[in-house]
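This is the structure I have questions about; it appears just below.
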Amino acid sequence: MKCFIGIDLGSTTTKAILMDENKDVLGRGITNSRSNYDTAAAVSKQEAYIDSRFTLLRRELEQSQSGMVDIDAFLRDLERNFRREQFMEQLQDLRRTCLEFATAARFKDKEAAVREALDEIFRRVADQAGALFQPGAERKSDFFRDIAGSFYLAVAGEVCKQANLPFDQVIAVYDKAIIEVENRPPTADLKGKIVRGLENLLTEAGEDRMSSASMQQAVDRALAVELEESYVIGTGYGRVRLPFSKEHIRSEILCHGLGAHIMYHGTRTVLDIGGQDTKAIQVDANGIVQNFQMNDRCAAGCGRYLGYIADEMKIGLHELGPMALKAKKQVKINSTCTVFAGAELRDRLALGEDRADILGGLHRSIILRAMSIIARSGGITDQFTFTGGVAKNQAAVNALRELVDENYGKVTININPDSIYTGSLGAATFAYRAVMEH
Amino acid sequence: MATTDQIIQRCQSLFEDLHFTAAREWKAAEPDRKVVGFMPIYVPRELIHAAGMLPLGIFGGGDQIEVIQGDAYYQSYICRIPRSTIELFLTKRLDFVDGMLFPSICDVIRNLTGMLQLIRPDMYAHYYDMPQNYDDRVGGEFYVNELQELRHDFENLSGNEITDAALRVSIVLFNRNRELIKELYILRAAEPWKVPATEAYLLSRAGMLLPVEDHNVLVESYIKAARSADRPRRDNCKIVLSGMFCEQPPLNLIKSLELAGCYVVDDDFMLINRWMQEPVSETGDPIEALARAFLHHSTKTSATYEPIEADKGQYLVEAVRKSGAEGVIFAAPSFCDPALLERPMLQDALNAAGIPYIAFKYAENSGQMQPIREQAGTFADSIKLWGENA
Amino acid sequence: MTTVATKKIDLREAQKDQSMEKQKEMIAGNFTRLARAPQTGEKVSYTFVPGNINELVMCFDMVGNFPEINALQMGMRKKSGNFIFDAERAGHSEDVCTYVKTDLGMVYNGNIGPTGERLPEPDILLLSYTGCFTFLKWFELLRHQYKCPTVMLHVPYQGGGKITENMRKYVVKQLKEEVIPTLERISGVKFDIDRLREYLRESARAEDDLVWVLQTARHKPSPIDAYFGGVYYVGPIFSAFRGTRDATEYYRLLRAEIQARIDAGLGPVTPEGNMGEEKYRLVVEGPPNYTNLREFWKMFYDDGAVVVASSYTKVGGVYDFGFRHDPEHPLESLADYCLGCYTNMNLPQRVDMLVNYINDYEADGLLINSIKSCNSFSAGQLLMMREVEKRTGKPAAFVETDLVDPRYFSAANVKNRLESYFQMVDQKRRAA
């Protein structure tokens, strides 16, 4: 079947959408944007293909009336096993790369000991990380770097101590290797990994879930569907760095506008708060962009502002929102400058103000900046859609609802759980139109 | 007799009231009353007053206003005062204002004139261009004609003729006001513990919001109360503040300076209330009198041109000497062209005169006082040490 | 549409070179004259572009130096960054105008001008305070440095949207009572009003041709870029050459070259040759960025965007609504010239002008290049943008850079916005 791909190369994450001939979204993929945008694009695209295969498999299972009671659970388990395959493959790559870096030139007479230690580290990482893919286990992130990095760091200390090796240097080997591994294009053997994942699953679960034959057939059918990549459109901040010709690139403004329109046809104003920029877009009834404004040179009011605050408070970015929700009173943060806000935060903490209250104020402050960008673009007149990473932050969403209500009265505010894919959805739709409507 | 606390409390509530209730009430008290707002740095309030209107000083929104719409109009590299001023207008807090004067202080305030002309086409918004040529025959002639035009505009706006007699009455009242403020500054320079910086500030700010008649009474009674009040004298150093003539610092900042060990003995807050260094002539042609006073007795500030190089910065050296200060604190609003462009020249003048100084920037909504307290505290300590060793 | 035989282009290139070469010679000649002033004894006046009274200065045989032009030249030569740094280290705030800091940095470094020749100290600072508060302090700072005489010409701002008789009289009076006597004293040359009339007559000729050139952008495709090309076209008339035969000759040459482009159906010439197909027609408000001028320009012509009118090319004089220097009313017309410069116009006037340009030149919309250094331009631009959008129904884009501060030009950022803007215009057009 013909399929259409949209890739949104953002400053922190890269997203891909695979759309089929019926304009249905078949799969979504996301990865961290890295120094190498080509790889980020390739990885996100592959993730979208993986997701599409699972969608096709779901369809097969639903149609085949195979008698499977809990398709969701089966797919979850299959994906888990698939991820293990994928993880182990990349871990092996990382191990090989680390060993390549562990040269005599670097470690002199300790070379052999280092190589031995690396083997031991990777043995332990494989063991421990493998547990993450057990049934019922929870993974905080599916990004390889996050999982491998945290385990490597955890075990390397002990191994180095035992082997009396310099910890810093062993970490340096990892730091070098991970960049290389992460920036290597993913291997193509997608179907193989799904098949092996299925085998693992069957061993793990025994034969009682359903007849393996009918399941096997469903998987085979799903894997047999040919996904013909008809057209790709790239967008996002890093789009100029994509190896695409001009016709295959659209500005993120157009893509976000169209993406939001596809999600909610009534949308007239879109606010996107991403890592590097904030944009307000006005679209007409057909998703055509009428006007837009982006944040000025000042980064205050972007996702990065919250990142900076999280760093400043030494907590995770995802912990900010929940903590801010506990605010009991409104603290006014006056500094619009990101750096000054950090200083103001310290000042207020030193004065004994409550952390949650301050964070509540910071969330309001970031949304205040967004409000002025919305105003510059022409304000809010009708249905309003909020997208981007910050739309996942409930404290920010609450502040937005409050301020929109105060300034523009009652309007519908849409926030899609998949809002992070808005740009890539618009891009995929442009890809579809380039082929099907031309 | 009212105590300083009572008086200052009244001033503080006027200062905090961003709905300008006092001015609204003044306007509502009689039909056809009009209010004309003005921004720093100087306007002839006498003309507004003589037309039976209330001059109302608009000095930004301070640190208590949440600027939402105002930010939509300004890039990040422009100071705060026009943002909060626009916010005050857009949030209808100034909907009762019938006219606005924007003095020639800098390009940002200048352009704000045009912004208000576009945003509030129903309102009289006038750019008040002061001559930078101080010759009677040249700048003077221009200025007299500008004042006549303004007089004419105000007559139209108020519906009242501005007679010479009425204008002379106004001049007398504002002369009195300037005299009282001068007295207040002299008292503070001599006995700064009796007139805390925030009190002098709030008292001055009240003068931007009240009819001059009321303000004169207020200042008079404050001076009386302050003289007789028994307040502890602290071991503070005396400093002159420079750079705060337009965008206002948060009250907390002024308080912080004093807490850090600095008595403020002179400043450039609200220069309008002592712009004329000499009384305006109360006889003869009142327009001529206002023009002559402006040309020859204006205070010097960063926002005006200094024709004589040797005099550059001498006003600040003079202010230090007159007030018995031991140093200068330059505190300029971020992105303030007049204050920041002028500063190196003022610092050279201070260097030549051997006067120590420090410099920092603020915004009307600055939230962190710790660094300012530290700098001011260190400055005060170093002045004391230096004084002891000298 | 623009593919023309190579040979033909060569011909045009040769013609293009004529005006370019002429301007280069003129500028180099002035710098050499400046450098030799200490030997020749010619008196040197420093003055600003907006509200410069060049014809009057010429009456006193003085040679003119323009600190703004030196600063922008230093920006184009990538030298401004270090000068700004030096000025900031010497105590000038990071918040203030980078033209001023580039100029002061240059002075601290021996006052070596853009051509590598040392610039002479001023015999007089002719402070024409027109449309920019910073000018006032800039020359106070230079006076502080040089301890030289200064003469102030205060040009009132058109706060009410018009030039009043009082303003005109004030400027004329300052010319008579302050400027002319001071220049006589400094130069030792007696003022001759007939000489001034002659120069003004020459100015008016050049002005006619300049206006003709700028208005050719009404053609489709436009034969000129009225912003990136425009900054070169206004070079002579905004500086030491207004009123000279050289300027008249320059504009005569330029006019002929542009006529030839029109005849050949050519678009503007860019640093990379003739521009491709004209896809977007824009009006630009605000000065350009000089440190990355070519890179900035490329973002336009690569996407087929041409600027058909700009406000920046009016900072040194607004001529396209009829004003000309007038030998019959010499001092009055100098006053009107000063009072009429773009940054001396109030915001409603500026909005009117931009709306007029968008309609008159059939532009797709407005682009504002907002300059950190220049509050005179920048304060209020976001409101102007809204007003222009409202009144024309055409979309506007907003980018931020600086005149000569390389720290303030983010190519990726600017390109992203421009591309998004062009694509939006394109999409809207298709949808229509």
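Every chain is named by a letter (A, B and C) in the order it is written, and numbering of its residues begins at 1.
The rule is simple: a residue touches a chain if its C-beta (ideal position, glycine included) is under 8 Å from a C-beta of that chain, and two chains touch if they have at least 3 such contacts.
Since we're looking at a predicted model, the values are computed, not measured.
Enquirer: If I average the C-alpha coordinates per chain and also across every protein chain shown, which chain's average lies closest to the global one?
Expert: C
Enquirer: For the interfaces A-C and B-C, which has the higher count of C-beta pairs in contact?
Expert: Most contacts of the two pairs: B-C.
Enquirer: Starting from the mean Cα coordinates of chain A and chain B, work out the distance between those two points in Å.
Expert: Spacing between the chain centres: roughly 54 Å.
Enquirer: Nearest whole angstrom, what separates the Cα centre of chain A from the Cα centre of chain C?
Expert: About 48 Å, centre to centre.
Enquirer: Compute the distance, rounded to whole Å, between the mean C-alpha positions of chain B and chain C.
Expert: 36
Enquirer: Give the residues of chain C touching no fewer than two other chains, as numbers and ranges.
Expert: 370, 372, 382, 400
Enquirer: Of all the residues in chain B, which ones touch at least 2 other chains?
Expert: 72, 75
Enquirer: Among the residues of chain A, pick out those that touch two or more other chains and give their numbers.
Expert: Residues 296-297, 376.
Enquirer: Which residues of chain A touch chain C in their complex?
Expert: 237, 240, 250-254, 284, 286, 288-294, 296-297, 376, 378
Enquirer: For the complex, give me every residue of chain B touching chain C.
Expert: Those residues of chain B that touch chain C are 72-75, 77-78, 82, 102, 104-108, 110-115, 117-119, 126-129, 131-133, 135, 137-139, 141-142, 145-146, 149, 302, 305-307, 309, 312, 332, 334-338, 340-345, 347-348, 361.
Enquirer: Residues of chain C touching chain A in their complex?
Expert: 370, 372, 382, 385-386, 389, 395-396, 398, 400, 408, 410, 412-413, 415-417, 419-421, 423-424, 427-428, 431
Enquirer: For a test of understanding, state which residues of chain C touch chain B in their complex under the given definition.
Expert: 90-93, 95-97, 100, 127, 129, 132-134, 136-138, 140-141, 143-144, 147, 150, 152, 154, 156-157, 159-161, 164, 166-167, 169-170, 173-174, 177-178, 346-348, 350-351, 370, 372, 375-376, 378-383, 387, 400
Enquirer: Using the touch definition from the top, list the residues of chain B that touch chain A in their complex.
Expert: 63, 66-72, 75-76, 363, 365-371
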